[in-house]
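Both of the next two complexes hold chain A, though its partner changes from chain B to chain C.
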Partner chain A sequence: MKWRVIGLETHDAYLNMAFDEAISESLREGASLPTIRFYNWEPSAVSIGYFQGIRDEVNLEVCRELGVDCIRRWTGGGAVYHDFDGEITYSVIAPANIFPKNIIESYGLICGWLVRGLVSLGIEAEFRPVNDILVKGKKISGSAQTRRRGILLQHGTLLYGLDLKTMFNVLNVSRQKITDKMIKSAHERVTCIQMHCGAGKKEVYEALVNAFTDGKDCGAGIWSRDELIRAKELAEEKYKSSGWTYLR
Partner chain B sequence: MKQGIHKSKGGLIRSFVGTENGIIDDISISGDFFLFPEEALSKIIEELKGAAAKREEIQKNIEATYKKENIQSPGTTPSDFTESIMKSLE
Partner chain C sequence: MIAHSSKKVKEGKIMTVEVDFDDFIKNVKISGDFFLHPEEVLNDMEKSFVGLKKDVSFDTLVIKIHNIVESHDAQMIGISPESMALVIKEALK
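Entry: the complex of A and B
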């Protein structure tokens, strides 16, 4: 099977999530190839899981002050702070029938590509079901998956650096005072690439591309005109709408 | 309404449940769990409206929707949703 790889791009939150949905639609119609994409978020953003209540999870006032976008994802799972400098996000969009039916096994398969990328950088990483990747017992990556009408979409984030203070400020933990103890406790649970190797972000991205494409028939691709039009439409009409954002 | 919070292996489940004469008449469920198909959460909620606010009834009701809608929720079971709802009803 032939895959398309869309190299590292930077978009705002709305377009980033809209691209994933636009590709899913286009792939279902047979107009796009299964796609692997890598991207950054500018401005930095908070994404929440499909089932989460936005006011439960996000400090909307702080987000407005800092210029951090807020978006509800199409996938379940938890709230994530996507720092422009501090992470690389990936998406895999492909027919669901090429993956194990068992959801945890399919997470394991795709997360395994990420683990291989980290190992190639000299970082001993492991998949922890349901959807996390750990290094020395600390979380370095989380992913979320959905399957809709025969198409599997999995996207996830790999932490390159850690800005815990901003993360706590934009997520609702900041209703309590952000204490040194909280920061220390988070450092015991979460880690990032910079704490384990000196690789630059570009090097990390290249390691991910190699690991994700290894053994596959892949070609570097671009967006089709229709995908671009549909993604912009979804960004404006769905992902930026208050009906979607404040769904819960 | 009191918020019921229960943590399953697959994530946190928050629920608010309102009752009248022992019957569920208002309910919301949110959290960081995974559930496929995602739209089936609204079916779970819909089916629970009008059900007796009793553990066994709630659990059976959710199990039936799981079966009908072919729901998969890694790390989260109908018992976990029931637990969160019962905590809201306490």
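Entry: the complex of A and C
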């Protein structure tokens, strides 16, 4: 199977999520190749899971003050702060039938590519079901997946740096989650690349590209005109709409 | 009246339930950081609770959720029919 790789790009939250959906549609219609893409978020943003309530998860007032975008994802899972400098995000969009039907196994497969990238940087990482990657017991990456009409989309973040102050200002962190894990400090449960190796962000990105494309028939690709038009349409009409943002 | 319940369930994810009810359930809204494939099945689950008595049994709720999961070949991750029923029952107390 031939894959398309879209190299590291920077977009706002709405276009980032719209691209994932536009590719899913286009792939289903046979107009696009299975795609692996890497991207940053500018401005920094909070994304919430499909089933989450935005008012429950996000401090909207602080986000407005800081100029942080807020978006509901097409995928389930939890709220994530996407810092422009502090992370690299990936998406994999491909026919669902090339992955295990068992969803946790398919998380394991794709997260395994990310683990390989980290190992190539000298960072011992492990996949922790359902959807996390840990380094020395601390979360360095989280992913979320959806399967719609035969297409699998998995996207996830890799923390390069940590801006915990902003992260916990913009997120309404669940006390239940923290209490349950007996964790007093966020530093005890979250980590980032910079705490484990001196690689620059570009080097980390290249390690990810190598790991994600290893053993696949991949080619560097660009957006088609139709994908661009559809992504812009989805960004404006769906992802920026209050109907979508306040769905739950 | 509208009541809420929120719990980190044993399967690992957080589930929040908002129930509007009098003697019967009028509306249910479920949110959280769980995964459910296909996602739209949650709407069917929420609708299936409408009209049930406020003292509906845990088992009845579990069966309703199970039936929807099976009929849609759905997969719940980080939650289960039992934990969903438990949080709904908590909200109805």
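Rule of thumb we're sticking to: the second predicted complex is superposed on the first by the 236 of 248 C-alpha atoms of A that agree within 3 Å, B and C clash if a C-alpha of one lies under 4 Å from a C-alpha of the other, contacts with A are read in each partner's own complex, and residues count from 1 in each chain.
Please note the rule applied: a contact is a pair of C-beta atoms (placed from the backbone, for glycine too) under 8 Å apart; a residue touches a chain by one contact, two chains touch by 3 or more.
In this text the structure is predicted, and so the values were computed from the model without any measurement.
In the model built by aligning both structures on chain A, chain B clashes with chain C.
When the two structures are aligned on the shared chain, A:50 is found in touch with chain B and with chain C. Of the two partner chains placed by the overlay, chain B and chain C both lie in contact with A:130. In the superposed model, A:248 makes contact with both chain B and chain C. Of the residues of chain A, those at positions 49-53, 56, 75-79, 103-104, 130-131, 144-148, 248 touch chain B in one of the two structures and chain C in the other. Considering their complex, residues 49-53, 56, 75-79, 103-104, 130-131, 144-148, 174, 176-177, 180, 248 of chain A touch chain C. Chain B meets chain A in the complex at residues 9-11, 14, 28-38, 41, 72, 74-75.
Contacts from chain A toward chain B in the complex involve residues 49-53, 56, 74-79, 103-104, 107, 129-131, 144-148, 248.
Here chain C touches chain A in the complex through residues 6-8, 12, 14, 16, 29-39, 42, 75, 77-78, going by the rule given at the top.
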